[in-house]
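Paired with chain B in one complex and with chain C in the other, chain A is shared by the two complexes that follow.
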Partner chain A sequence: MPERTSSRPDVSTRLPRGTAWRAVVASTRNAWADFAATFTPLSWTLGWLGRIVAQVIFYALIGSLLGSEEQVRYLYIGAAVLATAMETLLVVSTSTRERYSGTLPLLVASPSALWPVFLGRSVQWLPSGVATATVALFVIGPGFGVTFTLADGVATFGVLVVLAITTYGYAFALAALVLRHMRLRNWATNLSYIAMMLVSGVTVPLTFWPVWVQWIAFAFPITHTLVAIRHLEEGVRPGLHVLGHVGTAVLVSLVWYVIGAVSLQRLAASGRRDGSIEFAE
Partner chain B sequence: MTTAILPRTAVAARSYARGVSAGLRRELRELRRSPDRLMALVTAPLLTLVFVAIMLNNGRDDLAPYAVLAPALLVLWQMALQTSGDTVEAERENGSLEALVAAPSSFPAVIAGRILAVTAVSMLGFAESWAVAALVGVRVAIVHPGVFVGALVVTAFATACSALALAALFVRTRAARAFQNTLTYPFYILGGVMVPVEFLPDWIEPLTRLVFLSWSSDLIRQSLLPGPVQGLAEHVVAIVLLGVVSCAIGGFLIRLALREVRESGTIGHA
Partner chain C sequence: MPSGEIHGLLGPNGAGKTTLCKILSTVLLPTSGRAEICGYDVVTETAAVRRLIGIVFGGERGLYTRLTARANLEFWAALYGLHGADARRRVDALLERLGLERRADERVETYSRGMKQRLHLARGLIGDPRVLILDEPTIGMDPVAAEDFRWLVTSLRSEGRTILVTTHDMSEAEAICDRVTLIDNGTILATERPSTLGTWITRYARVRASALAPEQVAPVVAAVSEISGVADVREISPGTLLVDTAADGAAPAVLRRLLELGVTDVATTRPDLAEVYLRVIGNRGMRVDR
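Presenting the complex of A and B:
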C-alpha cells in the first residue's frame, strides 16, 4: 500500500489550533511567498528602492528651488518617512487580490475568522517599507543634510517600525472597506497616500492648515510618528514628548485595527447571508 | 476594386490609419469603463495642492507656475507610461495578445491609436491643475499663449512617441508593470518637471537633454513667466527630434519583437 503523503501546507507553529493568532502566523507565509514572487533582491534594490529614493530626492529638490537648505532637509525627511507609509498602503492592493483571484469565498467558508487571515496577509510590506526609509534616511540622507547621532538614529529606526505597524492598521481598515468596492482599490491607496503627503506634515507643517484639516490629519498615524522623527533629527532626546507622539500613533492605529477587523467580519457575515461574495469581480 | 488601383503605399497607409482609429476608439471606450486608467487625473488636483502649499508656506508665490505645471506634466507622463505598460500586459493577461498580433491590422498602428487617445485625455491634467490652483486663489497667467499651445502640441507628440517606444520594450518583457513603476520619478527629475534641470549636478545635465520632458518643461515654464522666451526654435526642434527618434525606435522594436516572438512562440503565457 502506498504511503500516504499530506499535501497540506506546512504551517508549523506552536500556537494552539483554532486560535486567531495561529491563522495570522499561517497567513504571513502567504505574505512572504507573495513578496518573493514579486521581487528578487536585484529587482527590489534597483527597481523598487531606486524608484523610492528618486521620489524622495524629487521632493528634496523642491527645497533647492526654494533656495533653502532647511526646506531641503524638511522635504527630504517628510518624503523618506512617507515612503514607509506608502509601501504599507500596498496592503490594500495585496488584500483585495484575494477577491480578484477568487480565493475570498474560500476564506469566508473556512472555519477561521476572516480578520486574522487578512491581518497576516500583507505583512511583507512592513520590512520593505522600513528598509526603504532606512536607506533613504541614513545612507543617502547625509547628502541632503539629514544626519542623526547614533542614539537618535536607533530611536528613529524604532519609530519607523512603529510607523509601519500603525499605518498597517489604517491600511488594514481601508482594505476591509475596499473589499466591498473593488473598483476603488487603487483610488483608495493613491488618494490616501497623497492626502497624507498633503496634510500630515510631510511637505508643509500641520499648522499651515485650518484646524479642521488638522483634525483629519490626526487620523493618520504618520502625522504623529513623523513629528517624533523630526524631533529626533533635530537632536531632541527621545523624552516624554517624542514618546507621547509615538503613543498617540499607536492609540490611533488601534482604532483602525478594530475598524478593520469588524468590517471584515461584517463582510463575511453579509456575504454568507446574501451570497454577495462572488468568485471574482 | 478601389484598392486595386491604389498604389501599395496608399493601401498600407489606409490600413495603418484604420488600425490607429480602431485603437483610439477602443482606448476611449476602455477609459470610460476603467476608473483605474484615470488615476493620474484623479490624483492631479491633490498633487497641485501639495506643490502650491509648499510654495505658499515658503512665501514664494512667484514659483506658483512651477507648482501648477508639475502635476500636469506628471499626469501626461504617468498616463502614457501606464498605457504603454498596461496595454500589452492586459492583453497578455487576457490571452488576447496573440490574436491582436495575428490580426491583419498592423499591431503598432493599434497601439499607436491607443496611446494617442490616452495622450489626448491626459491633456486634461493641465486644465485640472490650473483650475485647482485658481480655486485656492493662485492664478497662473499664460504670458505667451502661442508658445504655450505650441509647446503642448509638440510635447503631446513626443509623449505619444515615447510611450510607443516603451510599449515596444514592454512587449519583450513580462515585467512590464515593474518597469512602469521604475520609470516615474527618475524621469520626473531628469525631465525637470518641477525643478529645472539647472538645479541638478553638472554631470547629470547632459543626460537630461536626452529626455524630451526637460525641453518641454523648460519651454512651457518660460511661456508662463514674464520676459522673452529664450531658445524657442532650439526647444521645439529638440522636442520634435526626440519624439521622432522615439517613434522610429518604437516602431522598429515592435516589429523586431513581433518577429522574434512569432518565431519563438513566446508571446503569451506559454
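Presenting the complex of A and C:
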C-alpha cells in the first residue's frame, strides 16, 4: 500500500509570462483546422463566396428597383460590408463547439484563463470575412457603380480589416454570453445580424432612426466603419473624419473585448456554482 | 487517498462518480463537505489544484478531432505554461510513450477509439500532474484496447502519481486498483481492496441451466435448493432455471449437482455491480469504511 503523505508540495500558481499569448496562438491552430475541415478553396469560392455575393447583389437589385443609382450603391456597399460582420458573427457558433465537444470543462480545469483560448478560437472568420467583402466591393462592385481610387481602395481594405477585428470583439462578448446560456445560441447571432442590418446604416441611413435606436447602433463597430467606407467610396480622403470613425469602432470594440474576457472568467466561476459545466455535454 | 495509489470509484449510473470528479477537477463546487488535492483545498486554492491534476475522459469528448495529436498536445501544453523546447520535448515524449508517434501528425478524427483514449491520457499527463482523474476511461473500448489502456494506467503508479479512476466495471477495478470505493447516491458505501470485490463476485455467482425437460424442472429445483449457499432458484422461462448463490463455493456445488442430474446446458455469470450492491451492501448496511 502506498504511503499517505500529509505535506503539501510547493506549487507555483503563476504561469510563465507570455502564456496567455501562446494560448491565443495555439488556439488559432484550432481555428484554421476547423476552417480547413469546412472548406476547400473551391468550395469556399463557389459555395460560400458565391452565396454571399449573390446576397449582396440581391440588395443592389432592390436599389435598382427603386430606380436610383445612389440607392444601388448605398445598398450594395452596405450589404458587402455587412458580409464581413456576418461572417465574424460565426464566432458564436465556433465558440460554442467547446461545449459540444466536451473540451470546456478541461479548459476550465486548466491553469490558464479561458479568454485567450476563445480569443484565438475563431480567427478563421476574420480573413474569410475580409476576403468576401473585398471581392464584393472591388471585383463585383464596379458593375453596380461602386468604384474606388487605388488609394481609397487600399484605405477601404484597411477599414475592412478593422471592421472584422472590431466586430470580432462584439462576437467574442456575445459568444461568452451564449456559452452561459446555450439556448440563446441562434437567437443571439440572428438578432445581432438583423439589428446590424437594420440600424447600422446598412440598408437605411442611421439618421432614419430615433436617437435612442442610434445609440444602440453605436454599440456595433460596423456602424462606425461603414460610415468610414462610405466616405472613402465618395472620395473623401482618409483624414481625421474617416480616422475618427475607425477610432470610434476600435474604442467600442475594446469595451466588447473586455466584456467578453470578464464574462468568460465569470462563466467559469458561475459554472462551478451551478454545475452547468458538464463533463459530457 | 494515499499518494501513489490507484483508487477505483465504483458505482452505477447516477451514483455520483462524475460529480465527485468534477468537484476534484475544480469545475463544480461541493454543496457541503471538503476535498483536498495534495493538501490544497479544491474550493479556495483552485489555482494550485489545477497545476496538480490531470483529467482524462472516456469516449469521444474532450479532444479536438480536427487537429493532429501533436497539435492537440501542443495546445494543452501552451495552456499549462509549457513552451519552446520544453513543450516539444514533453509532447514528443508523451507521443512516444503512448505509442502515437507514428501517427502524431494525422488528424485525430482518423484515429481508432483506443488511439483516441491514449491521446486522452497523453493530454491528461501534459502538465505532469501528481493526481490523475480518469472518468470512465475505457468506456466504449474493445477488450484489447481496454486492456492495453489499463496497462498504461498501472505503469503510471511507478511514477508516484495518484490516480482516481471511475468505472462501473468491477473487473476493471479489480485489474488496476489498489483499493476501490463503492458509492451510491453521493454517499460512500464501502472502501475495499479489489480482492474483496473478487470474493463478492465469486460468492454471488449466478448459474443458468437451460434446456430442461418439463418433468426435470421440479426435481432439479428441489435438489439445487438444498445446496448450502443457494439463495434462490427460479424458472425464468420454460426449461430455463436461474440459480443465485450467496456463499463461497456454492456455485461449483450447484454445477456439480446439475451435472449429476443430467443437466449439461449450464453457464455461470458474474453479477453486475447493481446486484452486488443490492446483496452485499444491503447485508452490510450503510457502514462507511475508511
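In the analysis below, the second predicted complex is superposed on the first by the 258 of 281 C-alpha atoms of A that agree within 3 Å, B and C clash if a C-alpha of one lies under 4 Å from a C-alpha of the other, contacts with A are read in each partner's own complex, and residues count from 1 in each chain.
Heads up, the rule we're going with is that a residue touches a chain if its C-beta (ideal position, glycine included) is under 8 Å from a C-beta of that chain, and two chains touch if they have at least 3 such contacts.
Treat the numbers as computed from the prediction; the structure is a model and nothing was measured.
More chain A residues lie in contact with C than with the other chain of the pair chain B and chain C. Using the contact criterion defined above for the overlaid structures, shared-chain residue A:215 touches neither chain B nor chain C, since it reaches no partner. In the superposed model, A:29 lies in contact with chain C only, and not with chain B. Contacts of A:187 after superposition: chain B is touched, whereas chain C is not reached. By the touch criterion defined above, A:273 reaches chain C but does not reach chain B. According to the touch criterion, chain A has no shared surface contacted by chain B in one complex and chain C in the other. Interface residues of chain C, counted against chain A in their complex, comprise 2-5, 18, 21-22, 25-29, 38-40, 47-48, 50-53, 55, 57, 59-67, 71, 74-81, 83, 107, 123, 127, 130, 135, 162, 178. Interface residues of chain B facing chain A in the complex, by the touch rule stated above, are 35-36, 39, 42-43, 46-47, 49-51, 53-58, 60, 63, 66, 175, 178-179, 181-182, 184-186, 188-189, 194-196, 199-200. Across the complex, chain C is touched by residues 1-9, 11-13, 15-16, 18-19, 22-23, 25-27, 29-30, 33-34, 36-37, 101-103, 105-112, 117, 271-273, 275, 277, 279-281 of chain A.
Residues 43, 46-48, 50-51, 54-55, 57-58, 61-62, 64-66, 68, 71, 75, 183-184, 186-187, 190-191, 194-195, 197-198, 203-205, 208 of chain A touch chain B in their complex.
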